[in-house]
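Several structures are given next for inspection.
Shared chain: chain A. Partners: chain B in the first complex, chain C in the second.
Now for the complex of A and B:
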């Protein structure tokens, strides 16, 4: 039998009793506070059958601690979160995605801001894995939505080393840090799906990661596209948003009913983005004075001379407004402001 | 007892070497990377005065980043590396 590589995960002795074992994980700060599924040798071996990759292959180094995310360590955290074997390729792709420089994981993990990593799954695999894209897709009730997001959080905490109160400096955090995952409701979207916007084929399955600073319900019974765009854009423009001071990348989860209203008015997704971008300019004088100073420092190269009479764009261009169609029946869409200094990253999920 | 996997990853190998100590500050040029958070400028002005008046620092050079969560530009790094004996590169809230 060949010797294990240096980056092989260690086996440790733990209590056999399940309650005691769960406490053993809590005491070591290896959990998120919820009970875990014990990552035994058998369970982890079974999880590893979900990917063709070698167990000790390094997928990424995860900020801010830059621990090595091997396929094996990803599988261990997936087991703990309650993931199924066929979830593993999604988590490998998601770990690669969060480690892309443009995502700015170091900032996201260590910031005082309440940033959750939102996973958006597209393509045939979303259906196969039963990732909820319909009613309550950002809520509870789906194994995939609950465990994929949870597993990524455990990866960020255990491999990336961002323990709350230590390297994770979040002032309050947010519930999405337990799990934040959904699929796009491609069947009820009037437009091409997100992964196609981002250069992939409709037959390919992808995961997109977003540095999300929260969710805000936008309940509107508007049936007129112009009216709907006006109220959504008005919701986007709030003066304590990170997106305005640094030029961000906010997202809208458009409910299928709202999407149909926009589509029926003849608007493409690109046109909706353009309209929202134009209508969501924030009057600089609405900001706290000190925030305007920060904005001036951060965006003077991009915007040139700005003053308190300026209208600040939410992102540097209209395509910076992200759109995904998700949810069930109802007059709701969701605004997802971003961390600001982050860009969404999409990765192919290996089948 | 039972065997389970440790889900954490060890810190990367210590391949980074610390630069040599600068000894006392007399006659040295000190750099600061301003993280552009409110009031950093006041704090660093105060520290600069202390460094020059009480520790003999020759000069303090301050250069700002666009924002706290993004790295300084290569130009700023090159400039500080060329001119300073030591640089305070990180600052918390």
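Now for the complex of A and C:
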């Protein structure tokens, strides 16, 4: 019999009774507070069949505890979250993505800010896995949306070590920290999908991770593109946003009806970004004095001299405004301000 | 810095001591010294900060073992 690698997951004796077992996981802080699916050896073995990778291959080291995210450990958390076998490659790609330096997982996991990791799935796999991109795509009701986001949270907590109140220092946190996952509604988008903007082919499936500081509904019955851009940009500009003081990367989930209005006016996605970026300048005098000072320090190289009469751009360039088309019928789009000191990362999902 | 053999101290407010210790352990430096200041820190006035800073410098000197 060959010896197990040093990074092999340990087998733990757990109660057979389901109620006792769930309590066993809660007491050890291995759960997010919700009941888990027991990660028995058999279930984990079955989950591992979802990837061609070796069980003990290290995918990444997850901040802030820098635990080794092996394929096996990712699979264990996937089982616990209720994922299906074919979800595993998405989680492997997502774990790689959050560990990219530009994502700043260290900051996201340990900050007092309410940052959730938003997963956006693109490409044919989104349809195959039935990741909801339509009505209620950021809400409840879809197995993939609920369990993929949950599994990534468990990976960040159990492998990365960011337990609430310990290394996770969020002042309040936010509901998206339980799960925050959707697909792009590529069928109803008038533009090329997100993964193509980010250098992949339409036939490739990707996961994009975003350090999201919340969701804000933008209900507008505007029928005119100029009017719509004006009110969306006005919503983006609020003085307590991290994006302004540090030059962030905010996102807009544009509902299909709003996307059609913009497209009908002849606007490309890049033009919408440009218009939003230009119109969302924040008057520096709206900030608290200390935030203005922080902005002055953090963005002096980028902006040069600024004063209270300056209009501050939300990001250093128009492409810093992220756009994804998602949702169902209705006059709604969603503003997703970012943590600020983070950049979205996209990874290919291995088929 | 500690990995390079340089004397290192982490300055942390008392609300973040647990995080500082856990991070030090995770990064392989469980005995990394922490200079602890009172929380909250961000909302203090400049004059108060000067007092905090001078107390902190004393802690740092002690922690790195300077005479």
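Throughout what follows, the second predicted complex is superposed on the first by the 351 of 351 C-alpha atoms of A that agree within 3 Å, B and C clash if a C-alpha of one lies under 4 Å from a C-alpha of the other, contacts with A are read in each partner's own complex, and residues count from 1 in each chain.
Just so it is clear, a contact is a pair of C-beta atoms (placed from the backbone, for glycine too) under 8 Å apart; a residue touches a chain by one contact, two chains touch by 3 or more.
These numbers come from a predicted model, not from an experiment.
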item: Which of chain B and chain C A:19 touches, first, second, both or neither; value: neither
item: Partner chain in contact with A:167 - chain B first, chain C second, else both or neither; value: second
item: Partner chain in contact with A:80 - chain B first, chain C second, else both or neither; value: first
item: Contact breadth on chain A, by residue count: chain C or chain B; value: B
item: Which superposed partner A:154 touches (first chain B, second chain C, both, neither); value: first
item: Which superposed partner A:64 touches (first chain B, second chain C, both, neither); value: second
item: Partner chain in contact with A:307 - chain B first, chain C second, else both or neither; value: neither
item: Intersection of chain A interface sets (partners chain B, chain C); value: 65-66, 161, 290
item: Touch list for chain C against partner chain A, complex; value: 15-16, 18-19, 22-23, 26-27, 42-43
item: Complex contact set, residues of chain A against chain B; value: 9-16, 21, 30, 38-41, 44, 61-62, 65-70, 72-73, 76-77, 80, 104, 107, 111-112, 154, 158-159, 161, 245-246, 290, 293-294, 297-298, 301, 339-341
item: Residue ranges of chain B touching chain A (in the complex, touch as defined); value: 1-12, 36-38, 64, 66-67, 69-70, 93
item: Interface residues, chain A side, partner chain C - complex; value: 64-66, 110, 161, 166-167, 169, 290
